[in-house]
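Structure record follows, encoded as structure tokens.
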Amino acid sequence: MHKMTVAAFRALVERDLPLARWLGFSAEAIGEGKATIRLPFRDDLVRPGGTIAGPAMMALADCAMYAAVLGMRGDAIMAVTSNLSIHFLRAPKPVDMVAEAALLRMGRRLAVVEVRLYSAGDGTPVAHIAGTYALPGQAHGANIAVP
Amino acid sequence: MHKMTVAAFRALVERDLPLARWLGFSAEAIGEGKATIRLPFRDDLVRPGGTIAGPAMMALADCAMYAAVLGMRGDAIMAVTSNLSIHFLRAPKPVDMVAEAALLRMGRRLAVVEVRLYSAGDGTPVAHIAGTYALPGQAHGANIAVP
Amino acid sequence: MHKMTVAAFRALVERDLPLARWLGFSAEAIGEGKATIRLPFRDDLVRPGGTIAGPAMMALADCAMYAAVLGMRGDAIMAVTSNLSIHFLRAPKPVDMVAEAALLRMGRRLAVVEVRLYSAGDGTPVAHIAGTYALPGQAHGANIAVP
Amino acid sequence: MHKMTVAAFRALVERDLPLARWLGFSAEAIGEGKATIRLPFRDDLVRPGGTIAGPAMMALADCAMYAAVLGMRGDAIMAVTSNLSIHFLRAPKPVDMVAEAALLRMGRRLAVVEVRLYSAGDGTPVAHIAGTYALPGQAHGANIAVP
């Protein structure tokens, strides 16, 4: 089964994930069930207090989960988030943010993924995320396996 | 303590929440610990499969939680999401989405909020969210009460 | 497909759920995708502060989720919790606690369930839970459909 | 500020946590914001399918979170779970289970803790947990800082 490359994931974002594209997400590394995605800091992603808005962080985490799943099963483009739980740890600094995702469990139907968000530079942890992706059937990659 | 009005919340989005503004969130109703926010459907919010992207839904839920908190404590602009847990129920149709948020508990330091996301029109439930907002001190509305 | 009755669920607890039996869980009502379970107060379920211990509340919620699933699909004895997220709202009083569970979504593979925990008597809400059960295949009720 | 020792935590379980005592939880190590707790396997902790019941696992995780918090702030006996999110990864084998908890963030009011559950012996991961404890005020360790 092919794994997704960084170049292929970037093309996927460019073509099929307009929200991730608008947010500027940049895939830095994708391995077998692992992914690193960067959110370049921008003034229009802040919220009152001058920190990066929570929804931008949740979007970054979700994108990294998706990339980690595709890093294991490159055909699972139709995988969808089934649930996601995020704990915010600190107000992030106004700098780039990095997401590191890793599979905790790859099942036939469900993948459980963990993500850690850091402020780039000093590497301060800013959020922890765990979630589940529902996977499409292996023989029918084009069907959505929604719960 | 003043409560936030729909008009005041719209102005807040316009001025201080650029991501919510870009996503087109529109406050429809804000009451004491309650809020209804609409996400107008747009082609650039979809993901593979043609459904609204999960991160847009998480952002909508977070915005509704924030509005519900401000509907109870209009001074708590600096309230921040402490945690959020979302369960996706169905792939949403390519139509407007509506978030209805209601406080489960308003404490002195923490507010727990529940949100239901529906597809507009037929009202199909598409996601359920529960989360916590950390509140700024009442006497010092300008400080961030991050955990 | 048969639905599970209160009597059948009580027998299941008695025979196959020793922890729920020890905790004294008592099924009060089971409907199509709904269930009400009571935890009779006991001194040995408290924690420092004199309130009911959080794990007893999580166990109660999980039991109610399971009963709600079986209320819809009585054959799904092998259904297992896939994830669970709980928000505690208030320290519960030293009285009976009641769980009311309702399905948010019944899929072929996954059921998403919401539970509200109340203090009996005055009905004060003490916790909110949302979670997912993984369902066994309909034709092979005896297989565990773990993720 | 004193940290809690393994011996002191065991005495606390014995005296004040009857549910943890009944479940047989045994503290193996407690450090600064870290804790390892063991659940010895017992026949009366299983559920249909012969695996350890989910609620016993949630209770184990919560106990480990509590011990990790006390490992950092030994006076915070009145700390209470504010929220907890668990993802089950695999049906655990009928052997001892071990919880390893570590603080992700220790704030003044809230502590965010992560827990991994393993089957003893081969170390297979069986669940991942993240949650928040609300801390009592430092000067008034006897007050419950419930949200």
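First chain written, first letter: the chains are A, B, C and D, and each begins at residue 1.
Keep this in mind: contacts are C-beta pairs under 8 Å (C-beta built on N, C-alpha and C of every residue); 3 or more make two chains touch, one makes a residue touch a chain.
Predicted model only: the values in this text are computed from it and were never measured.
A.B. asks: Could you check if the interface between copies chain B and chain C is built from the same residues on both sides, meaning over half shared, or from different ones?
C.D. replies: On the two sides of the chain C and chain B interface, the residue numbers are mostly the same, over half being shared.
A.B. asks: From the C-alpha centres, identify the chain that is farthest from chain B.
C.D. replies: Centre of mass proxy via C-alpha means gives D as farthest from chain B.
A.B. asks: Please compute the C-alpha centroid of chain B, do the same for chain C, then give the distance between them in whole Å.
C.D. replies: 29
A.B. asks: Could you put a whole-Å number on the gap between the CA centroids of chain A and chain B?
C.D. replies: 21
A.B. asks: What's the distance between the Cα centroids of chain B and chain D, rounded to whole Å?
C.D. replies: Distance between chain centres: 32 Å.
A.B. asks: Give me the residues of chain B that touch two or more other chains.
C.D. replies: 82-83, 85, 87, 89-90, 105, 112, 132, 146-147
A.B. asks: Show which residues of chain C lie in contact with chain A when the two form their complex.
C.D. replies: On the chain C side, the touching residues are 82-83, 85, 105, 107, 109-110, 112, 132, 134, 145-147.
A.B. asks: Could you list, by residue number, the parts of chain A that touch chain B in their complex?
C.D. replies: 16-20, 22, 43-49, 51, 53-56, 58-59, 62-63, 77-78, 80-91, 144, 146-147
A.B. asks: Going by the contact rule set out above, which residues of chain C touch chain B in the complex?
C.D. replies: 85, 87, 89-90, 104-105, 112, 114, 125, 128, 130-132
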